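Two complexes follow with subunit A in common, the first pairing it with subunit B and the second with subunit C.
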Partner chain A sequence: MTAFRLFWSTTLLLLAGGPLLAVAGLALASLFDATAWHALWQDPHALPALALTLWTGLASTVLAWWLSAALLAQGFVRQSLGRLLRGLPVMLATPHAALAIGLVFLLAPSGWVLRALSPWLTGFEFPPPWPTTQDPWGLGLIVALTAKEIPFLLWTAATQLQRDDVRQRWRSEHALAQTLGYSPQRAFWRVVWPQLSARLWWPLLAVLAYGLTVVDMALVIGPASPPTLAVLAWQWLQDADLAVNAQGAAAGGVLALALLAAALLWRAAQGLSARSGHALNGVRGAAPPPGNTSKSERVPVSFHLLAGLYGAVLLALAVGSVAGVWPFPRVWPEAVTGQAWQRVWDSRDTVGTTLGLALASAALALAWSVAWLELAPRRWDTALRPVLYVPLVLPAVLWVVGLYHLALWWRLEGQWLGLLLAHTSMVLPYVLLTLSPAYLGFDARYAALSASLGHGPWRFLWRIKWPLLRRALAASAAVGFAVSVAQYLPTLYVGAGRFNSVTTEAVNLAAGAQRSLTSAYAGLQFVLPVLAFALAAWLGAPRRFKGSRS
Partner chain B sequence: MTTFSLSRREILLIAGSATGAAVTPAWAQSPSPAWANLEKAARGQTVYFNAWAGSETTNAYLQWVAAEVQAAYGVKLEHVKITDTADVVKRVRAEKTAGRQAGEGTVDLVWINGENFAAMKRDRLLLAPWAEALPNFKYVDTVGKPTTLNDFSVPTDGQESPWGMAQFTLFADSKRLPQPPQSMAELLALARRQPGRISYPRLPDFTGTTFVKQALLEHVADVGVLAKPPVAADFAKVTAPLWQFLDALHPHLWRGGKQFPQNPAAVRQMMADGELLLALTFNPNEPANEIAARRLPASVVSWQFAKGTIGNTHFVAIPYNAKAAAGAQVVANFLLSAKAQARKADISHWGDPTVLDLAKLPPAERALFPSQPLPGQVAKPAPTLPEPHAAWVDPVEKEWAKRYL
Partner chain C sequence: MTLQVHITQLGSAQRVLLKDLRFTVQPGHILTLMGPSGSGKSSVLAAIAGTLNHVAEGAQALRAQVSVQLNGQDIGALPTAQRGVGLLFQDPLLFAHLTVAENLLFAVPPGPRTQRWAQVQQALTEASLQGYGERDPATLSGGQRARVALMRALLAQPKALLLDEPFSKLDAALRDQFRAFVFDHIRARQIPAVLVTHDTADIAEPEHVMQLNHAG
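Let's turn to the complex of A and B:
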């Protein structure tokens, strides 16, 4: 390794690893408080809340994992993955809170679904007293989490399948398995899925961590009494009493332990199913029905259902944002008003803050990731990954405690710079996660070829490597942008409440139940990342050469 | 110095008339030198006003205030939008623990009352007494509205300045509820007749706590006990009738009393959707306000229990470490002006009752306040009952949470 690379790799390592470790350390240090643990143990809500957390987090993760796997299997076998992925960015870009708010508008007793069915079918003149939102069993939260995490898992799987080397190998292995008499479906499950799922371990862990520790979504659609443990921890962290704050941090610690246990359990279950030997029992599975060959290229129905759900949520937000008086069971509002959008326009600072933070943090994270992947030795990268992914897997309620302490320490609390660093710490892992498969899978022979033509390294990067990788670069920047827009806890906590983003506005208003303004902000929260993804798709479109193969 | 203050007064008069107020600011008639100095120090300062931001009208009103104080006093007002004032108390306390000195804080002005004020006062997180020295304080109705000096039975001691009045009020669609309940006992009877159609916000939401305190007030044997902090030994005995009442009420509430809406706005939305029969508010003008904004139908009426409901005052306070303490006082003084109070009382802007004694105001300023009631406003105002001592809130909330969450 040259001195140049060593120097810059070390600098990059310190730039990212230092603050991340400091935050993690400060967060964990807040856990050493015996009285807080005792208080937590004594609290009558802690255990039921933990049970709800485990139930909603694990159920949503298992559902999202298996539904994604099934969609991938059908997509891979029917070769419709490309088309399936085209609809994905919009779903991926939908912030968690916006989806939850929209779902509430659909499912509430006074929501659209029942309005559409009343009174002609149900006979209801008034909304029925049904617990369809914030249900005590957490079913709404599970639906919302599952619907939100499937696109993320599909997307990360797609970034793996985008690597030319991997895709070609898997295709040929899949074909080979079929020549041995396995049905296309079974060949996928036996040959491709074990390899693919092993590479989805970190994304899966992120999904699991999110499901177990989510606050904003659970505030909107999750159970209320008791809420999940993450919501309880967040409420305790905000209490005016310091002892209760410590109890909140301890609850964050419990969440971290729960996540660790769940992850180990998952690993063990995976190992068990891999060793059970059914993979080699020789059963070939049913052949595809004649006439309906594997090349039908149809997108699975379940994917259309998911897309339909997102569409309905969006429509509910759009209509809700202009609704005035809207008595049950009318399907459309009696009065339409632009008041809410007028208010949004009046507080355009909020949109400016959101955009500025998202652009800056995505740019910082992208620059760091590219430099790191370009310069750092592969061994360093492997060693650093767990540290970089800490923000993904540490409960958000605990993470913000560490962030806040670091910000206080650096006197950055309530300042834009502090907020930028907080956002970047959350954005960086996602950007690295989505960028690295394509970046590391880049064919090394291009570099040799370029060098043999006498081009320097910069020319190679600017003219060959980055242009060829621009789809991955643009996409990971868009992911970073979307992650920043969706941040709720860091914005509120590190920003000392001085900075409003469309997400903090939407979640705060959702608690205030002002339907029109909540919808407007949730809609905006959705539109911004979608625009970023559209821009990324446009920037990342492959160049077309006239006269070449289509 | 004299010429400076004179010329500036002229500028302010011009600014005042330009913005539509045909009145001379009260303090301009007899500016004390100390106040003039304070205004001078305030010019150019940025005041971070931490205020609950759950309502559009409040936010819009603060935007108007920001424009006014910028034009008249050169003070920049930033509305820091918060959902729970306890966060602010916590932040200021964290800053004090971290060793932040005077002038090094992140909060300049905070919208506050009740237990949060009691906590900040007790922990010495507030600026030394300043409120009663404000030029506009002399118009405050301290006799007719004694809660302007007594915040939940805790003396304000000039550490917070009154901003607005509140009284527990109920509202409902008269088409669905032609005969509104006139007491907690009647409310229980209504809940029994129509189960699942009544609820109140989950404590420690302010309105939810007020609902429970109103029930306490109506069920306690001797109201005088509530004016003093609770004695630990007596707490169970005094509150026993309250829990008895709530135990009887809860099975007939929305979702069987096992779940409660997060805040009064959620209750209001559910009332508007028809899911609930009635909604609660602490701002008597809120229903009229919502009708005017076309978010509630004009058939909505509001009322207070016949024998009276709990009322109080909300305030603004300045933390000990405010960076812009002078600017914060200038803003607080402006908030007490007839112009600001009249606009706040106007339901087309906010509709929050004034803390001023209109009789004390010069006639021109008094004319800024309208007098006719509007659709949705309380037709027959009931007496204002004093809040129990602030020290009751915490144990009642804790006991409530223990029993019903």
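Let's turn to the complex of A and C:
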């Protein structure tokens, strides 16, 4: 390794690893407070809240996991995965909070579903007093989490299945199992799924972590009294009393332990089912009915249902944002008004803050990731990865405590620069995660070839490597942008409440009764990432050549 | 121009691939290096071109103690870009974001625009690819792509050419054609070349063949 590479690799390592480790350390240090743990133990809400957290987190993860698996099985067997994936980007780009808000507008007693059925079917002239959204059992939260995590799991599975070498091997293994007499479905479950699911462990852990520790979604659609433990912790963190703050941090620690326990439990369950020998019992499964071939290549109905749900949510937000007077049980509003959008325009600082933070943090994260992947030795990269993923698995309520302490230390709390730091710490892992497969997979012979043609390293990077990786670069920047837009806790906590973003406005408004303004912000929260992804797709589109037919 | 190579030792930290390999290639001649896979054939070429660090990184990083002389000048310490050694791989590795002509232009040394383009047109003609300049390289056939890859390597005006199994991915009929095409160009330009292969049919000059075996 040259001195140049050593110097820059070390610099990059310190730039990212230093703050991340400091944040993690500060977050964990805040847990060493015996009185806080005692207070938490004494708090009558803590235990029911923890039970709700475990119930909603585990139920949504199990549901999302098996529904995704079923979709993948159908997609793989019918060879319709490609088409299935085309619908994914929009779902992936939908922020959690926007989905939750839209779902509330659909499912609430005065929501669209009941409006559509009233009064002709239900006989209701007024919204019934049903607890359909912030229900005490957390069912709404489970639905919202499941709907949000399925696209994520499908997408991570797809990135595995789209690798040519892997796909071809699994296709031929799948075919081989069928020559042994296994039905196509059974062959998938016995041969492909065990290999695929093993590679989905980290995404699964992310889903589990999210389900157990989510705050913004739970605030909108989760149970209220008691709320989930993450929401309770967040409320304590915002308290003026320092002792209560410490209790909130301790609750974050409990969430981390709950995540660890749930992960171990999941692993144990997987191990048990693998050891049961069920997969090797030789049952071939029913042959597909003849004539089924004409139906192949069709996207599974359940996927259409999911897409329909997202479509309904987005429509609800769009209509809601321009709705004036809208008495129950009318299906459409009586009056259309641009008032909400006018108010969004009046406080365009909010949009400006959101955009500025998202652009800056995505750009920083992209620049760092490219420099790191280009310069750092592979062994360093492997060693750094666990540190980078800490923000993804540590409960967000705990992470913001660490972030806040670091910001205090650097006198950056309540300042734009502190917010940028907070956002970048969340954006960086995602950008690196999405960029590295393509960047590290880049054929090293191109570099040798370019050098043998007499070109130096910079010319190679600018003229060959980065243009060829344009798509991956643009896509990972868009992912970073979307992650930044969706940040709720860091924006409020590190910003000390002085900065509003589209997301904080949407979540805070969701508690109130201003349907149109809430819809407008939730809609914006969705539109901004979608625009970023569209821009990335345009920038990353392969070049169109004159006179070629492809 | 003569290529003189002396590799004292080549290998990773764990094992030595080969020791004390020396050969000299005269202008217009093609030395064929043969050996089983894993014998370090390709690494010899990488050591000559100075691209060992590009090709193998990480745990199996290869190191070579090598002296390379081109026309009496020691180039072993120069960066790849200044060695004047051209490379041709198994895959044509045409840059997918550039047209066929732009791929070629990337190799032409700096100079007046019209002259550089004239060289590109000349190269296209030599490869029987007139009118293909504006095409997306992905739309060319395997044989056409292979010819473009050779022309691109030659347009950089290399003082020696290294061929890393460039025929192995072509089907039989194309392979004979392309092999003759490559050898003709090397002889016409009077540059030394080293060819690595495991196929005896590829041997260029039966009197210039070296067999590599496991050294350790």
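The rule is simple: the second predicted complex is superposed on the first by the 482 of 550 C-alpha atoms of A that agree within 3 Å, B and C clash if a C-alpha of one lies under 4 Å from a C-alpha of the other, contacts with A are read in each partner's own complex, and residues count from 1 in each chain.
In this section, a residue touches a chain if its C-beta (ideal position, glycine included) is under 8 Å from a C-beta of that chain, and two chains touch if they have at least 3 such contacts.
Fair warning: this is a prediction, and the values are worked out from it, not measured in the lab.
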Exercise for the section: State whether A:L417 touches subunit B only (first), subunit C only (second), both chains, or neither. Expected result: neither
Exercise for the section: Quick one: classify A:L176 as touching subunit B (first), subunit C (second), both or neither. Expected result: neither
Practice task
Tell me which partner A:L468 touches in the superposition: subunit B (first), subunit C (second), both or neither.
Solution key: second
Completion exercise
Larger residue footprint on subunit A, choosing between subunit B and subunit C, goes to B
Handout entry: First (subunit B), second (subunit C), both or neither touched by A:G324
Key = first
Problem - Partner chain(s) touched by A:A444 [first = subunit B, second = subunit C, both, neither] - result: second
Practice task
Would you check which partner chain A:L517 touches, where first means subunit B only, second means subunit C only, and both and neither mean what they say?
Solution key: first
Handout entry: Touched partner set for A:L6, first subunit B, second subunit C, both or neither
Key = neither
Practice task
Take the contacts of subunit A with subunit B and those with subunit C, and give the residues found in both.
Solution key: none
Practice task
Show which residues of subunit B lie in contact with subunit A when the two form their complex.
Solution key: 48, 50, 53-56, 59-60, 63, 78, 80-84, 86-91, 93-94, 98, 106, 116, 119, 196-197, 202, 254-255, 258-263, 265-266, 268-270, 272-275, 293-297, 402, 405
Fill in the blank from the handout: Per the touch rule, the subunit C residues reaching subunit A in their complex are 46, 49-51, 54-55, 57-59, 79-87, 89, 91, 93, 95-97, 99, 106-107, 109, 134-136, 138-139, 152-153, 156, 158, 162
Practice task
State the interface residues of subunit A toward subunit B in the complex, per the touch definition above.
Solution key: 44-45, 109-110, 125-127, 129, 131, 134, 136, 224-226, 238-240, 242, 245, 324-328, 335, 337, 339, 343, 346-347, 408, 413-414, 496-498, 500, 505, 508-509, 511-517
Practice task
Show which residues of subunit A lie in contact with subunit C when the two form their complex.
Solution key: 377-379, 443-449, 451-456, 463-464, 467-468, 470, 542-543, 545-550
